[in-house]
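Take this structure first; my questions come after.
The letters A, B and C name the chains in turn, as written, and every chain counts its residues from 1.
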Amino acid sequence: MRNLKRIVAGASALALAGTLGACSAGDGVPTLTWYINPDDGGQAEIAASCTEAADGAYRIETSLLPRDAASQREQLARRLAASDRSLDIMSLDPPFIPELAEPGFLAPVPDDLRNTDGVVQGAVQSASWNDELVTVPFWANTQLLWYRKSVAEAAGLDMTQPVTWDQIIQVAEEQDKKLGVQGALAESLTVWINALVASAGGKILEDPDAKPDEMQLGLDTDAGRAAADIIGRIGSSGLGGSGLPTADENASMNLFQGEEGSFMVNWPFVYPAMQGAAPEVVDDLGWAVYPRVDAGTPAAPPVGGINLGVGAYSAHTDLAWQAVACIVSPENQAQYFVTNGNPPSNAAAYDDPQVQEKFPMADTIKESLDLGAPRPQTPYYNEISIGLQRTWHPPNAVNPDTTPQDSTDFILAVLRGERLL
Amino acid sequence: MRAMTWPQRITWIVIIAVVLVWSLFPVFSIAMTSFKTPAGLFSGTLLPEEWTLDNYATILAPGGSAQDLFLPALRNSIGISLIATFIAVVLATLCAYAIARLDFPGKRIILTTALAVSVFPIVSIVTPLFNLWRVVGLYDTWLGLIIPYLSLTLPISIWTLAAFFRQIPWELEQAAQVDGATPFEAFRKTVVPLAAPGVFTTAIIAFFIAWNDFVYGISLTSTDAARPVPAALSFFTGASQFEEPTGAISAAAIVVTIPIVIVVVIFQRRIVSGLTQGAVKG
Amino acid sequence: MTTVENTPVKRKRRSDRARAEARLGWMLAGPAFGIMLLVTLYPIVQALWDSLFSLRLTAPDDREFIWFRNYQVILGDPAFWQSMGVTLFITVITVLLELIIGFGFALVMHRAIKKLRGFARTAILVPYGIITVVSAFAFFYAFDINSGGYVNNWLAWIPGFDENLNWFASQGTSLTVIILSEVWKTTPFISLLLLSGLAQVPGDLEEAAKVDGATAWEVLRRVILPNMKAAIMVAVLFRTLEAFRIFDNIFIMTAGANDTEALSLLAYNTSIGRLEIGLGSAISVLLFLSVLIIAGIFIKGFKVDLSAGRNG
């Protein structure tokens, strides 16, 4: 009994000593902490190579944020609001940038990084707030329409022409296949809704600069109703599979890889993933720009990605911006695309022969990014997104006659502080 | 010493079998998931069609992609839980001794406070504590978790130990003194051996509680400097930020569960006696 | 005459000793008491204060003192009452299930023959040591069709059972899995509380009843249960208070989707998710008050006496 107690006491003393040990390098080189979203190791590699390139001016260390964007925002917002000095570089998901920029949590972008020539349009938009660049585009993500060539051929659908949602819904019904879409109660649903509304020529948020109690939403419009119609049809017809109400990007990919796969809207990460998990599907794989809602109007594909910001309370803002300049160099972006499957925001990187070889759809991605429409940019994005998720879920309950109006009422009430979310 | 009839024996075996299945099945289930390949996950069967140790390699072997997520988290959990348990048991022992042995005003208040603290919703405490820890510099540190963990473990430790100490016949100590021992010797020779099992059991119970925490872990930490295992499970990644790492999470779950199961198996008699004497005493 | 002279001296000596004892008592118990108070008192007072403001963490300049308007909004919002309803539902069902199963386990632990007793106790105790998050993942992966769940395949032989049932797509089925995980994880504790009560039922009362010809069922109903009333009430009280604060299982399995958002999760989502500190603090305070009310009902209403036999 006593021996055990002694062991426990000893172990805890050791552990306590461990906590008191300082973790600074002690060699005088400032350490910049880069808070990254989880990926396949690419950002850590870039951190290492930029540390080398810095030649002793600074050292970049990565620190992992949670897996989903909403949790990343939670972490960063709390710490920035508490004036955390250790937030040097942050990988930020675009929709949450206005919320951090508005209260001045982000350090201003220096002039030499403000030049956005050669950066795809979608990425520039997502990195700005109040007509000002507040973050630096790193990589830009977009969803493509992936399809099984065999299914498209069997249906006689000409994929060299832009296709519409109606068309792919029809083909899936005729061929008794399933569509890979993300109907889960998550950010992916907002991505889908936004893409549909924007493709139909509308906007979810009419006036991003308004105060929360004066905001106007553009859901109760023809565009909103067209979007609700598509989601409702896919949901109630079962075309999304029985897992649709909880299907995230990964689940859609699995459905697409299966026997009932036909069409899927998803981010380019699926290409290297499928090459690894289902090479026979890759032989039958085609890709195109996001489907249109209206045959005559170009689609507005979803835009995502990561932009880099520097914390306003960081102890090394100048060094941090230098590091950012290194991280977003076209060479690093191309390398990141090839290794991690996350497309560059810099147009020049697409011409890199390695990129073209590994990702034959690189040009489609670039085209898609230029067409893309970002999600509503407002400091209250979280409320709008979750409000949309609450009211447009599950997909089989979405009704063009009621859902746009109901969700508008709910979201505005939440923004006015009259309802809980 | 009545011999059991066969029907009785069979009934008991059946009952025990049912209990075993009920209690161990979920652990078995997630263990099986941890041995499945990423493709094999969708076989829809309990047992893996193809067995693999890849998931364990991912989290444990050097070079595994989740290794630098899991091992630091494991270290954090073990260290923080042990320290919190140690401090809680020491403080609770002193407190429970006072309650059981001495008569002083406010005993009731202490016990009631312990009870009130134990039913406190953690969610209510987290944000103010986060702000305070940021200002004081305890955010994302071991100490920043150890202190809230004390509030989790102290109440039940005090109640359990108080119940244990009440059962100790204090007259033994007086008898030893009468026999010529100094007060300290008397204490050491009579009270300590009787109290030790109770203290040990309380330590186990307190450790389980600290080990189990989730809300503090996700709210008061941000890097692997202090993040414990349950919180780290929400960070596990697959090959991309979109893939759900079912295999890795299952493997991690098993790694943190097996030692606990071993502790339960070895010390089940103590835990049972500790919890049954600690809660309701006639 | 001597008594009159001695009494004041005796009294003084007694109060000296009493004072010394009190001082020692508070010295020993003080640190524990102090820490418990610090970690809970400060935050709840801060939460009370914050709940009187309209405060959003990412808009610190818009902070506004609004008296009790947060409470007005919350108490008038169907989302809050829906959440309260879900929480009460989960609480009642889990406590009921655990009482029944836990009592069965207590009987097993009490009556098992020596050889099997160790087995039985170990098996029953295992869930007690499992981390709640681990239990949540275990049940989730077993039921979730998007993660390779196999339960649907097992239940497919039931007529009318849809093989493609998505357990986490609707409220009823999600709550079933959540309750299952919660019951599995916490039954050991309640079964131990019941075991201690069971162990205190005087054996001779049971014997006497059996001699009088009572069946096992009647012995249970007439002798065992009434004598366990105190233990049962304490067990119910503890479990109710704990079930009311359910968080981990729901967070992992559904994150509150499909109207499964319990009160703790609502508070977490509002203050840490939406960063609306004012509103979130108000929900936290209401949650705390609800817990106090429930405890009050049990202690005053059902006269649950926690210190039975603890006097002195």
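Quick note on the criterion: a contact is a pair of C-beta atoms (placed from the backbone, for glycine too) under 8 Å apart; a residue touches a chain by one contact, two chains touch by 3 or more.
Listed by chain with UniProt protein names: B = Carbohydrate ABC transporter permease.
Because the structure is a prediction, the values reported are computed rather than measured.
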By Cα centroid distance, the chain farthest from subunit C is A
Heading the list of chain pairs by contact pairs is B-C
In whole angstrom, the CA-centroid distance of subunit A from subunit C equals 39
Separation of the C-alpha centres, subunit A versus subunit B, in whole Å, is 38
Rounded to the nearest Å, the gap separating the Cα centres of subunit B and subunit C is 16
Each of the following residues of subunit A touches two or more other chains, namely 78, 248, 250, 254
Where subunit B touches two or more other chains at once, the residues are 42, 131, 244
Residue numbers in subunit C touching two or more further chains are 146, 272
In their shared complex, subunit B is touched by residues of subunit C numbered 18, 21-26, 28-29, 31-33, 35-37, 39-40, 42-44, 46-47, 50, 105, 108-109, 112-113, 116, 118-135, 137-139, 141-142, 146-150, 152-154, 181, 184, 189, 192-193, 195-197, 199-200, 230-231, 234-235, 238, 241-242, 245, 247-248, 251, 263-265, 267-268, 271-272, 277, 280-281, 284-285, 287-288, 291, 295, 306-310, 312
Listed in rising order, the residues of subunit B that touch subunit C in the complex are 4, 12, 15-16, 19-20, 22-24, 26-27, 29-30, 33, 36, 40-46, 91-92, 94-95, 97-99, 102-108, 110-111, 113-117, 119-129, 131-132, 147-148, 150-151, 154-155, 158, 162, 166, 208, 211-212, 214-215, 219, 229-230, 233, 244, 246, 249-250, 253, 256-257, 260-261, 263-265, 268-269, 271-272, 275-277, 279-282
As the complex stands, subunit A meets subunit B at residues 1-2, 4, 8-9, 11-12, 15-16, 18-19, 23, 37-41, 63-64, 66-67, 71, 75, 78-79, 82-84, 248-250, 254, 267, 269, 272-273, 276-277, 340-341
Residue set of subunit B touching subunit A in the complex reads 38-39, 42, 65, 69, 78-79, 82-83, 86, 130-131, 134-135, 139, 141-143, 193, 196-197, 200, 203, 222-225, 234-244
Per the touch rule above, subunit A residues touching subunit C in the complex are 70, 74, 77-78, 80-81, 99-100, 102-103, 105, 185, 242-243, 245-248, 250-251, 254, 379, 382-383, 386, 393-394, 417-421
